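Each of the next two complexes has chain A plus one other chain: chain B in the first, chain C in the second.
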Partner chain A sequence: MQVPALLRRVLLAGAALALATPAGAQRSGEPIRVGAVLSVTGPASFLGDPEDKTLRLYVNRINGAGGVNGRQLQLTVYDDGGDANRARTFATRLVEDDKVVAMVGGTTTGATLAMRPVFEDARVPFISLAGGVEIVEPPQPYTFKTPHTDRMACEKIFADLRARGLSRVGMISGTDGFGASMRGQCLRVAQAAGVTVVAEESYGPRDSDMTPQLTRIRNAERVEAVVNAGFGQGPAIVTRNHAQLGIRTPLYQSHGVASREFISLATPQAAEGVRLPAAALLVAEQLPEADPQRRVVLDYKTAFEKEFNQPVSTFGGHAYDGLMILVEALKRANSTDGTRLRDAIRATRGFVGTGGVVNMSASDHMGLDLSAFRMVEVRGGDWRLVGN
Partner chain B sequence: MVAELLQFLVSGLTVGAVYALVALGFTLIYNASDVVNFAQGEFVMLGGMVTVFATAAGVPLPLAAFLAVLATVAVGLLLHRLAIEPARGASAVTLIIITIGASIFLRGVAQVAFDKRFHQLPGFSGSDPIPLLGAAILPQSFWVLGGAVLIFLGLWLFLERTLAGKAVRATAANRLAARLVGVDTAKVLALSFGVSAGIGAAAGVLVTPITLTSYDVGTLLALKGFAAAMLGGMGSPLGAVVGGLMVGLLEALGAGYVSSAYKDAVAFLVIVAVLFALPQGLFGRSGVERV
Partner chain C sequence: MRGRLSARHTTLLGLALVIAAVPWFFPSAYYFRVAALVWVSGLAAVGLQVLMGQAGQVSLGHAGFLGLGAYACALGPKLTGLPVLACLPLGAVLSGLIAFVVGRPILRLRGHTLAVATLGFGMLVTMVLTGENGLTGGPDGIRIPRVELFGWRVRGAETWYWIAGGALWLGVWLALNLQDSPSGRALAALHDSEVAARTLGVDVARHKLRAFVVAAVYASVAGSLLGMMNGFVTPDAAGFLSSIEYVTMVVIGGSASVPGAVVGAALLVLLPQALTVFHEYEHALLGLMIMLFMIFLRQGILPGLAGLLAGRCLGAPKPVASAGARA
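The block that comes next holds the complex of A and B.
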């Protein structure tokens, strides 16, 4: 069969162009494809749902304002239902079928760790929204995260305990991934913080009564504070049982329950006096005028609450931070090439997000320090900033 | 010492009463059809969720609770009419698989119809704990225990004293013989679904102020209730009650005296040991083998 010379040349040129274009890179004018795998349903839905809403809201806003580098963002969200296996399947789909240039998501630590190899292999930057410190320690070339780690939460809690002159702690943790991970981190940093764990109990993520465990903690020798590592409804029940048993030692919860919902589930009476480390978002209005985060968190809070008519949660804030870090990196890199984008994300300095001021480096793929956590206390059914 | 034991006992009995009610629901349907209805946990969830959303809409609590039970009974009857009845010739295993599907379906609908959050209900008589011999007991625990006792009594009266109840028992004893003497066993099965749904919903209403609720609380309750029913002897209402209370007590005492890390292990170890010695369960019918 004779192919006209000109056509043949065009075909060859086309093939060469196709080969020359690196995988994953997209031509200008086309939308920039951003992927997300979130636990919108399932046991971690209270994390994934606000994350999903936040990403959709801000991608629309950014597109409405002209997009990034003159191109629209195209967001693809998959719901893993809290199942790490499904998350990994969706991660592969994002990389192979949807050809995303970056990923903002991974609601739980388990899902994030399951997806990480997929993005590392494909050299697609992956900004996780999960808490576990093992996500970025040791740092993987293409994996980042926005939330504070559970180790920082432990350090913040222990520092607050020491400031109150307390040092003997009864720990109660959930046996789910979050609880188990935070328990491990707390035990690791306890000694350095000058805190002794004198009693240790656990509960299943679905348990509905923790009075036996708390009774044991109360009966342990000279317990001065109770620290609960966990998220979901467990900490709410621990808080109720703590009040029911009339335990007078202070109760500390983790950043995992930093939402208004926790207070209403635990009931304001039972939650009175409970302290926990939280992102600035939780106490946006109480931040001093000079606080660099004040404007950012207030803007996000207003936008979210106006759009969805439900209280803002710090978890949605992590998604906001992840998306904005990505958008800024896209602008700086002016490219959608995985490695250049990764370098740009890694070069993030002084980014003010809802979670804190982010300064990333090659060895720090989270970029937050303890100052990003604010110690808050429940008073009269609301969060109050405890003097920093 | 006494205070501690009492605290563990009340905790165990309260949780156990809920397991017992779920196990009772399993038992009723099992007796009428040899089917283990895995959607039983979803009835508990519906009871709690409908009450939460009805009270949030301004319905007074007693009326909301009544509506929740009514709505769940309707769901139970529909489940029977739309999913079990059309497959009436199928084997028990097929029907069990249908109930698993129904359970997933109900959870999915609840996610959309309600939402995916946790919800709470205020305690019926407040939430100030009542001190008793050094233990602190929530008034709601008494509601749960009292409510469970009333349900057990009501069910007992129904089964022993009414014609419909006798038909249920006849069907449980021997389906073919019951049919031969004119008992409409299909209607008995429908009735069992309705009553099981009602019991589940009542359990959900009673326990939500203590345990909170969400669209997926049913899964674990169904599992624990099933374990309780097996322990007591599948098919025996008395066994369901004893089994449920035992599982609850084992968990609480295991957490209190052994270690909270092994609390579920303690409970299930005892169940395995009992079933090893008494394969029919504590109160199960022994030696009935269908060929």
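The block that comes next holds the complex of A and C.
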């Protein structure tokens, strides 16, 4: 079964050797190979599926418009099913067998960290679509990422609190990966942001009532706001309980619940006035005309929704950003050599994506600042852009 | 037919030849990586074969021990300062002990109850690995330091291919020896009928427990190797789906056959790689092929094919009893 493919590969390798061109030399006509390992199926498919669709859609569009540097893009997508071990195998396959010049993928932080050494060893640029801070901190020479981090979400929430003259916070977090990670980051940056965490509570992923925890927070000394680090249905229950208990201090949720299901699960009445940091994509139509992201975000939203007839998600947006950063870097470098391409990605300045305006440097392989997050408030069962 | 070599030696020789010969056909390091994965998964499957095929007990939590082995290599150096490699036997001993303690009450159960109890064990391990964020890194996983041997850093798929291949060969050798020992015959007896075995004077509980501990140690070693090879591990290595995969490897390869487990592992590791060309249909095709194998080669691939061959050569197909079909 493998033999013909094998034979062909051996012959190809021989032919390549015979023609031996210097590394990274341009060969017009030959496609530029781009790889992606995504969790298209499995527990993280709600992230991986829009990423996969976005990459395919935009690679087709780019190729339809003449490709990059006169060459077509050739996209190879592998599905890791949410398994980090499988992701690593596919990463090896992309590097060794498919000979990709760069990778845009890595749906979860676990898969990204498992694959990172493969790309670092091979000196192939790797733009990850996962959230974890540890992907780019400390920065690895060839690894980048597009999504904002939970630390930035904490900072955004705290900045908004301070702008409202509040500083004493009661924190309630889920014990799942998302909640636990964000909790840690929030506690780390609280002091620098001028915020004191005066009460801290947690809940399990399947808990159905958070009244006791919220009561304890309410009874803590001079609590001025409640911050909920969580994902899934926990935050909706917290929101409902918060309203039922008649707690008047403002409630902040995380970027993890920035979807319409959250409002309907929590009920619009209970969610009224809840604030959370979200990507510009969530409030695309409300962005002012002068906003640099407005056009990009609206274009992506329209293109995605027209093609797939399903609502756009920020996760697909991360894939869009990753692919576009790569394409611009390919143009600037005018080369597919790993190190030159890496330098070009690192030199990304003022790139306007769905996740924010990206300014990378040797020490910052994400390149987003707090303006990437928009503070939104639930009003009348819908999101409203507030402040900045 | 096989001259003076016993079936056991033929198998061992064949495996050694395969391990030594296939790299000649590898065009890139990716193939070494996949083959190394086959050997490592094969090692875990061979251990499970001792429990399932030889003792006739089902474990749906086998990956739990795999996870223990992998995390031993991640946490051991961090907590005790031992070199990574030393944590492999440490993890194996730990897994064996846990299997011994957990196995005693669990192995009193039979059939479905036993399967559910082991399932619970696997889930427990995953929950602890996911929940103990501070220690295990939670769902995002944890890094495993690179292995150093005499000051030389072991890396690269090719090196791991030989290490994993060697480990598998040793594992198969031990499993085959066990199968041909008095213990193995006791296991075979209780596999066919616990009541009959007990009547014949076999200490059923003790032998079952032994097989369980052996399987756990195999899984732990495989987990450690997998972890060191990847330099990284996430809790899904210990998860339910991965447990099911190992059970499938044993059953599809032929649960009565030690090398069958390796064939099953090869199939389940290679098929997803070969089927990626079909994109969306990948999973459907994988399921279909597994079903077809089970329908047409009911005893598993290796015993099934051996039976077909023997039938063709001798003219008359021999009925293959579960304990007798040893390839």
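What we mean here is this: the second predicted complex is superposed on the first by the 308 of 388 C-alpha atoms of A that agree within 3 Å, B and C clash if a C-alpha of one lies under 4 Å from a C-alpha of the other, contacts with A are read in each partner's own complex, and residues count from 1 in each chain.
In the analysis below, a residue touches a chain if its C-beta (ideal position, glycine included) is under 8 Å from a C-beta of that chain, and two chains touch if they have at least 3 such contacts.
In this text, all values refer to a predicted model and were calculated from it rather than measured experimentally.
J.: Quick one: is A:Arg93 in contact with chain B, with chain C, with both, or with neither? Answer first, second, both or neither.
T.: A:Arg93: touches chain C, not chain B.
J.: Give one of first, second, both or neither to describe whether A:Asn334 is in contact with chain B, with chain C, with both, or with none.
T.: Neither: A:Asn334 stays clear of chain B and chain C.
J.: Looking at the overlay, does A:Leu113 come into contact with chain B only (first), chain C only (second), both, or neither?
T.: A:Leu113 contacts chain C only, not chain B.
J.: Does the superposition put A:Thr41 against chain B (first), chain C (second), both, or neither?
T.: A:Thr41: touches chain B and chain C.
J.: In the overlaid three-chain picture, which partner chain does A:Pro212 touch, first (chain B) or second (chain C), both, or neither?
T.: first
J.: Go through the superposed model and pick first if A:Asn60 touches only chain B, second if only chain C, both, or neither.
T.: neither
J.: Considering each complex separately, which residues of chain A are in contact with chain B in the first and with chain C in the second?
T.: Looking at chain A, the two contact sets intersect at 41, 175.
J.: In their shared complex, at which residues does chain A touch chain C?
T.: The touching residues are 1-2, 6, 9-10, 13, 41, 77-79, 82-86, 88-89, 92-93, 95-97, 108-111, 113-114, 117, 121, 132, 134, 175-177, 180-181.
J.: For the complex, give me every residue of chain B touching chain A.
T.: Touching chain A from chain B are residues 4, 7-8, 11, 14-15, 111, 116-120, 122, 127, 129, 136, 138, 207, 210-212, 214, 216-217, 219-220, 252-253, 255-256, 260-261, 263-264.
J.: Under the definition above, what is the set of chain A residues touching chain B in their complex?
T.: Against chain B, chain A makes touches at 41-43, 45-46, 49, 172, 175, 201-204, 206, 208-209, 211-213, 215-216, 219, 232-233, 236-237, 240, 243-246, 261, 264-265, 267, 269-270.
J.: Can you list the residues on chain C that touch chain A in the complex?
T.: Residues in contact with chain A: 25, 27-31, 33-34, 37, 130-131, 133, 138-141, 143, 155, 157, 226, 230-234, 236-237, 241-242, 272-274, 276, 279, 282-283.
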